[in-house]
Amino acid sequence: MVEAQKYKPSMQLSDESRVLPSGEREFMLDVSTADLEVNMGPQHPATHGVMRVLLRTDGELVTGAQPHLGYLHRCAEKIGENVEWLQYLPYTDRYDYLSAMNNNLGYSLAVEGLMTGLEIPRRATLIRTICAELNRVASHLIAYGTYGLDIGAFTPFFYAFREREWIQALFEKICGARLTYSYIRIGGVFNDTPPGWLQEVGHFCDVFEDKWREYYDLLVENHIFVKRTADIGVISAEMALDFGLTGPMLRGSGVDFDLRRDMPYMAYGEISDAGAFDIPLGRGEKGTLGDCWDRFYVRVAEMMESIKIVRWCLDAIEPGPVLGDVPKVIKVPAGEGYVGIENPRGELGHYVASSGGKVALRCRVRGPSFTNLAVLEDLMPGTLLADSVAIIGSTDIVVGETDR
Amino acid sequence: MEQRPFLDFLETLGPPAWVPEWALWLTAAGLGVGLITTIISLIALFSIWLERKVSGHIQCRYGPMYAGGWHGWAQTIADGVKLMMKEDMIPTGADKPLFVIAPAIVLSSIFGAMVALPLSYGFYFAQMDLGIFMILALGSTTTIGVVMAGWASNSKWSLYGAMREAAQVVAYEIPLGLALLVPLMALGTFSLLDASHAQAGFFGMNWAIFQNPAVLPAFVIFWVAALAETKRAPFDLPEAESELVAGFLTEYSGIRWSFFFLEEYAAMFLMSVVAAVFFFGGFESPLTWAAREAFGSNTHIVVQLVCFGTIVIKGFIGVFLMMWLRWTLPRIRIDQVMTMGYKYLTPLALACVLVAAIWEAILSLF
Amino acid sequence: MDFQAIHDRLVAIDAPGLVRAELPREPNKKEKDPGRSGESYVVVDSARMVDFLLACRDDERLDMKLLVDLSAADPAVDDENFWVLIQLLSIEKKHRLSIKAFLPKDNARMPTATAVHRGAQWHERECAEMYGITFEGHPDPRNILLPDDWVGHPMRKDYEFPTEYHGISCE
Amino acid sequence: MQTITPTQRYLKNVWDTLKTTLVGMKITGKYLLKKPITVQYPDERLPIPDRYRGIHYLEQEKCINCLACARACPIDCIEMEAVRHGKELEWVSFTLDYQKCMFCELCVYPCPKDCIHMGTEFALVTTDRSELNFDLLSFKGMAREAKIRMREADKKKAEKEAAKAAKAAAEEASGDSSDDTSDEAPGDNSGDNSGDAKE
């Protein structure tokens, strides 16, 4: 009925020879060994939260891996069926807590899709875009820093946090919170920008461009780092599609797809038509196409593209209202719809169904981390223990989102 | 010349005749041990504080600022007191005797290696003709303690760390020794004191690094190997915290854990001093030269103090360089560590030895 | 392609299991019809879902190689059916398709889509534990987010919250 | 692309390692000499922006006890109690449970009198969980007496209702058993009277 799986796992293990990542063969000794099962996590520095990966290892070689999730499950979807539309907004902050603006945006867009006749003011759209892109930069900075940490470099982490701290201070000024913003709301954004805020964002963009060069030299081009990440955890384009990977994971495999350009929402269509930003792709520069380095490179390069988008918005923004005509208690007409937006980690989808009342019928969250993590099981066997850490890091998961 | 500075010192005090000779010997030994322990502790205290400040400032932050007042100078003391007060924990499944002995072995081996370290021309614990062999041999004994600790902890992560340490140290002993051969050839001695003498020369700048073209690459190789020997980043695989939680240290806490820490910093200092002695002139510097010119002898107290200061400063420059590297570089993978040790450093070190030998042979013709 | 074109193509290739297309419609106040806002979707027979997904994936004009999401919904306590919701995406052609299948609550079984899209594996595991839908032929049918010994299917509308878990009160 | 011979790759590896290490050390060394950007927290503090979402403060005299904020709260952490004397409002309590509160600011906007705000205070440090159940009232000296009066008012109301119910029941049926509750209600001083009256 159904044809067999189309792709072969990238590495096949047999007893005679084990293939090491760099293609070197390991000598088999006349020593009988047994595989060792190790629990990486739930508390482990490299799992980026409370996630457990059950590793089966033969010495340093990982022969099997099995992710176990659910330690941070907070029933977000069930809560979505029990609270009012606007009241669910603070919960969206909390699944991918590193890019809360984007989560707010995804949920708001999904609900707005059902509310016919609701018009979003242009200023609100541009402020949303600025916030979402700044948040993407902040999130990728974390990805940059923690990946460095996974590989063993401490200092890039602090440099990344230095700029992220600035972004958070900017968000603190505009909405009063540093991490759980609840700023982008159904119908627009909540507050207009405080005076001088846009200029400060412009200043941040100027400074960030210099700092970005440092990030690049310090880690991305570092030979040790390249050797640690190139040719590791190779995801072919075919495999990426089969697993439903999205975002930098997909683009790292060389698939040219970005929702912001290809299925634009908000003002992205306009910005993309103006040619204001590019989509960085993995090119297999340092190793095989789709390896950890490519994914990491895509994230680092995307930061600069986000800065370009922010600059475009800063030029285009004009005074005006920031919140559409939304009643205090929102009632959404019956209907259902799915809206996917480009989160820093991939496609964040919100499927929202309403029966016409104050409370959702179904509020499904498609977290990119959850889907992206599924690939681990196939990626890990055949790598070294240190590589498995590099692979987990390169998926850039947020456990709050895998478990929701 | 009889080399027993502590005994000589005691005899200059003029002990009463009824004190037997063995008591004098014991007292001298006790003095030596006490002094060496104090020096190591002070070095480690300062190094830990320095590490925190260096890492802090590299990372755009301050590091400790409160304890003690000026830039948190007493932070390490406060930490040490805290570590001593901590509950002494041994995991249930651990091999208790080994678990307890391991930190002691690690620390005592580095203490032993320190014995061969001269502090100045007239002040040393033991004058050894083969001092560098002593340092290399005892310095790598720490591996036994680390493997013991990893095994005794009865934790998988600890075992990984221990195995990595064993593999790493074995791999890097070779380039370390080979790279040291180059300056040894240039200087023509195994003794640390004699090596220093051999680099006196004009203005105190006749350093080994200027004597032979192969010494500079040999130093780079030595330095990389020394980083691996001391388990410093980028070779901190035995305790790679993002991979192995804390490696062989996972189950340790309190004072036992601090022994490992003490050992790490003492080993860093030791390696830096060895590098300073064999590559960068030992006690020799323009200042030493000037002092010697002024006072005319190597054994004058001022010259000795200058020598001591020079070696300590050189040592800490090395320690600082290790820290700088640590806070810059990512960690290497275990197979790359092996590749680097066997495929890169060892052949390159051999090449350096060859070049140095040829150079020396040519020099000896004239 | 927009939704209409996709639907036309689905009809043209005689996609297995295609039942009908649902479009948004204006509310009709006279007939007390609440209307339906949001986006269009196709309704597919759940038993033939795998063939449908395969057709969508392998047809060169549809080219829906990416399964974005697979989830379910429980519309109401007294409703007879679950909804199974699938989102497909085409990377090359840059279009989406929402698929809905109705699955009777008393016999919630459908074939697994894992063989067509490996990415469906975890989504199906989540769906199975949250709604009690059995995906026949699933290679790894364990719980994924809930503990292995969890009783009940929490996302069902008639789910009763436990008062204790392993002796820990949940009140 | 020309192919690289193994020898070239070998030398390139050595060269790249040395070069990128030095580049990295240059960057980190640059920051080593710069002034840190962090601040020494308890001694110096960064300015808190006006919109900061910290611990709430309540303009008590404006509040009309309309419960709009409590309704807007996604986790029901706001509870308020007040006695109404005609137009006068006597407050008993206005508590916000900061164990639950997630500082989403949703309670601020529905307020018709614009009297609840997010403050700039953020330090929530106690040794006791119950202390996190904040009373936002600024003056609560009358609270105890107010509570007694509220009880009395409730009791009276309950009595009235019970009497009314009894009367209605008596009128409707022949008057068999519905008098039980109205007999008990006046004599009961403890507990919630309105609840008793409904029984």
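Quick notes on this one:
A, B, C and D are the chain letters, set down in written order, and residue numbers restart from 1 in every chain.
Please note the rule applied: a residue touches a chain if its C-beta (ideal position, glycine included) is under 8 Å from a C-beta of that chain, and two chains touch if they have at least 3 such contacts.
Predicted model, so just to flag it, every value in this text is computed and none were measured.
Compared with chain A, the chain whose C-alpha mean position is the greatest distance off is B. Between B-D and A-B, more C-beta contact pairs are found at A-B. Taking each chain's centre as the mean of its C-alpha atoms, chain B lies 65 Å from chain C. Distance between chain centres (mean CA atoms), chain B to chain D: 57 Å. Here the CA centre of chain A is 45 Å from the CA centre of chain B. Chain A and chain C, compared by their mean Cα positions, are separated by 24 Å. For chain B, residues touching at least two other chains, in rising order: 58-61, 327-329.
Within chain A, residues 155, 159, 162, 218, 222, 224 each touch two or more of the remaining chains. Because contacts link the chains in a way that matches no line, ring, star or complete pattern, their graph is best described as other. Taken together, the chains touch in the following pairs: A-B, A-C, A-D, B-D.
By the touch criterion given at the top, residues 24, 27, 34-39, 41, 50-51, 54, 65-69, 71, 73-76, 83, 85, 87, 89, 91, 94-96, 98, 115-123, 126, 130, 143-147, 154-155, 157 of chain C touch chain A in their complex.
Within the complex formed with chain D, the residues of chain A that make contact are 83-84, 86-91, 93, 155, 159, 162, 169, 172-177, 180, 182, 190-191, 194, 214, 217-218, 221-224, 226, 328. Those residues of chain B whose C-beta lies close enough to touch chain A in the complex are 55, 58-61, 156-157, 160, 163-164, 233-234, 236-237, 240-245, 327-336.
Across the interface of their complex, chain B is touched by residues 20, 22, 24, 36, 38, 44-46, 59-60, 148-155, 158-159, 162, 218-219, 222, 224-225, 227-228, 384-387, 389 of chain A. Interface residues of chain B facing chain D in the complex, by the touch rule stated above, are 54, 56-62, 65, 220, 324-325, 327-329, 344, 348.
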